[in-house]
């Protein structure tokens, strides 16, 4: 398999965008492997993802930016070009519950996730042996009331040292400070154990049980300043009944959490996600 | 097929309930066709539904109450006995959107719903010809700001005249007054076009679109004083994507609404629903 | 809303297709409203659907064919251009069970289906009053062992007279002759009440019950010579349990049948379906 | 939490069964924690599962059999009493794909599965380190054309030595001999990567891709003499589209396989499964 690249772009909708971009790629020898686009006609926005083979492509990254500039400028595009050979460096944050961690590490091992899991950070020591089994460096960074800032400083140091590009909160139960979040805009993916916006905040399975809903859910989303309110990437639900006590909701919910978080991470790493407003476009 | 009855009961959990009830039924010749029970061990509550053939049953309704009283008293049971031959009289309320109405009328015609649709009340005249096609009396009761009370008075007169036992709000877009609701406790079923508690209130599909959720839903529930907060009977969801504009959400949602509302009506009419707290036990 | 057109095409995959087509459309003033494409890299095939506004488009249908010919020829395209203002004429075939018929007629009435339901043909008289209510001409064409050919001849005469472009078998329980099928290639949509290829043939709910499956399904597909083996358009399933007897499977299945058939009809009418091998590409 | 027991029984349906059983349990001090029953009125069969607290229960296993005999005899019951404190000993069989193995081992570690995973047997050495990490004995038993019988003999020796009560084929790709299967009737659970009965046999994802289905599935079932035809325990499906190549079907299918296999194992270990004909009753 030869090397491929992904071009992601969005701009105000206008006539001729696809013609310009596809002609540009064709003229420079790109062999297109897949292309997807989306128009929000109400908002007047255009989104595009093109994956192409680099074998006969005549531009490198620098040349691409220079040559593509006229088109990007004309249509006021935000764009980025990703070399799929360059694997994003990922940090996993986890607290006590390890089901998402186990799930992500196994998917990583089997090649299902295209990034590089570079380190695991936890406020508990429990996951150390699992990390060692998968040969991923593990860092225990305790967080308690008085040393939250110190803990975040240590986390940031570790993230910087390891050139981390994506942070995955794999059931990490600490709320991150606005300063921390601001350092990684749209670079932190969380899993929340409810079908947001229902039951945001803490203990959603208990809240779902109390309210007597007939479905429980889980949501993966980007972390922003506002708790549980960032752009949603993926959601899923499972049917429950009066027979299920809270413990069963929690057990069933774990499977939902694994599913929605792993899909979100995969899509992010495969450069399938674009944004507008507080929403995502996922080119799956 | 001979006649059958349904015994529904709930009480604090205790030893010997099933033994007492099943022995009682056995001693009086009941041929049990199906039985379901539920224990909430945390809340210490017991729920039971028994359906039995009346062919060799030796008690009529009056005798049943008399003979069953010692058991009911000992365990502090709330109970009721329903003769399934006695079809509940149902009123359908509808506004402009007729998809749930069409759906319920056709299911009624094919025998899927065990009640009797006795009349249709609407604040618009649009559904008259449909009602006539299915030979259900139709009453146009306009509701506007100044005459809401008068409208409800007229509705109540119609419901009383027709001895209505269940009111189904089949996309009826008017909020009922607390006085109206209080007359029909746990006798009014509504369909809300979101997966409650998310997006309660008006225009849920627009709210869902704005929030960028990946699933839309619908919820059938009993109407209580608090808007959209009564006991949930059934919910379902459907996957959407960035491709779906609000109009598509609304169209997809109609199918969810039909499904959850018709199931709730069927379960109610088949005496499958019990309550505790603000929740339902549905013996499906 | 101004008029729009849909261009559908497929061809062997090659460099430059999107560039050529999109540049062509741009040069002739098309305002693209939505575009979707698919590449099967293994089979080396390319599929594309473009919907565009005709307001400033400079070609009519005849000119389009002439001007587009060089591109179509170079890439060996199969293509067609559909004017969305031209509503396809549809015939509904039905036997005794009317749930799909009711569903399609109501969706048609509310504008959810973009075609014109021109007539209903049934081997039973039962649906006549429903057809009259929706003001669709109804034709009772009895089919029995000895007069099957005569019946088909009469059906064909009716279809020809009414210039029918799409036949929908809305639970029509007669097997069509190969000659009949050959007259309407990929123009007959059927609903089969199982998740094909499981339980093909007759009485699938009984077969599902016997086998003890935990999900039942329904499938909409194009009719070909081989029974229940044509290209699948849409499928869905619902969970069942040991509690559900065959009658309940049949009742639950009706909802699946309505859903998968109506979606298939809608997609066909909106020109969203392409073919390869025995499979469909559905640009939803 | 005190000790509990599960009573499972089935018999021809008759009046008085529930009264007899529940009175029997009540008279001997059982505190019932949950009870579920099922009647197949068409087949005339009755099924029951009762879980009860042993704290004040006055019978031990031997006494129970003696005292319960009159009831069991009168109604021709098949019955068994399971002490939930006695954890079933489980063997996991695996070939190259480890996703189900990882999943089951982690669920076992977190206490989600109530049995004891006593050993892992594989025809490949790959899973050894994983087994060691979870401290489960691992046995590499190569199987090739000429030594299949020898391999099975070795497997049987290991199973006997370890007093194994349940064999789970966690993506074990060898077909077991009828003699092997006969030793463990309804004691071998397999996962098949299609929604049986569709695509039975080898390479189901390829077959599903070829047929162009819109849903893929997975099935957990008991192994019987006839390949892929034993009683189905659980099934699930996931939606796919033309965008998904076979590799993506395989990846999505892994999640289905994990889900349906782990649920089947859990239900078996919790004594929730009864049989009739070739079907299961699952009291979930």
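We call the chains A, B, C and D, going by the order they appear; numbering starts again at 1 in every chain.
Keep in mind that, in the parts below, a residue touches a chain if its C-beta (ideal position, glycine included) is under 8 Å from a C-beta of that chain, and two chains touch if they have at least 3 such contacts.
None of the values given here were measured: they were computed from a predicted structure.
Chemist: Where the centre means the average of the CA atoms, what chain is farthest from chain B?
Modeler: Centroid comparison gives A as the farthest chain from chain B.
Chemist: Is the C-beta contact count larger for B-C or for C-D?
Modeler: C-D
Chemist: How many Å are there between the centre of chain B and the centre of chain C, using C-alpha atoms for each centre?
Modeler: 36
Chemist: Using mean CA coordinates as chain centres, what's the chain C-chain D distance in Å?
Modeler: Each chain's C-alpha centroid was found; their separation is 42 Å.
Chemist: Would you please write down the residue numbers of chain B that are in contact with two or more other chains?
Modeler: Each of 41, 243 in chain B touches at least two other chains.
Chemist: Per the contact definition, I'd like the list of chain D residues that touch chain B in the complex.
Modeler: Residues 15-16, 18-19, 22-23, 25-26, 30-37, 39, 41, 239.
Chemist: Which positions of chain D touch chain C when the two form their complex?
Modeler: For this pair, the touching residues of chain D are 38, 40-42, 195-199, 210-215, 217, 231-237, 241-243, 245, 277-282.
Chemist: Would you tell me which residues of chain A are touching chain D in their complex?
Modeler: Touch list, chain A to chain D: 98-99, 102, 106, 110, 112, 129-130, 133, 243, 251, 255, 259, 284.
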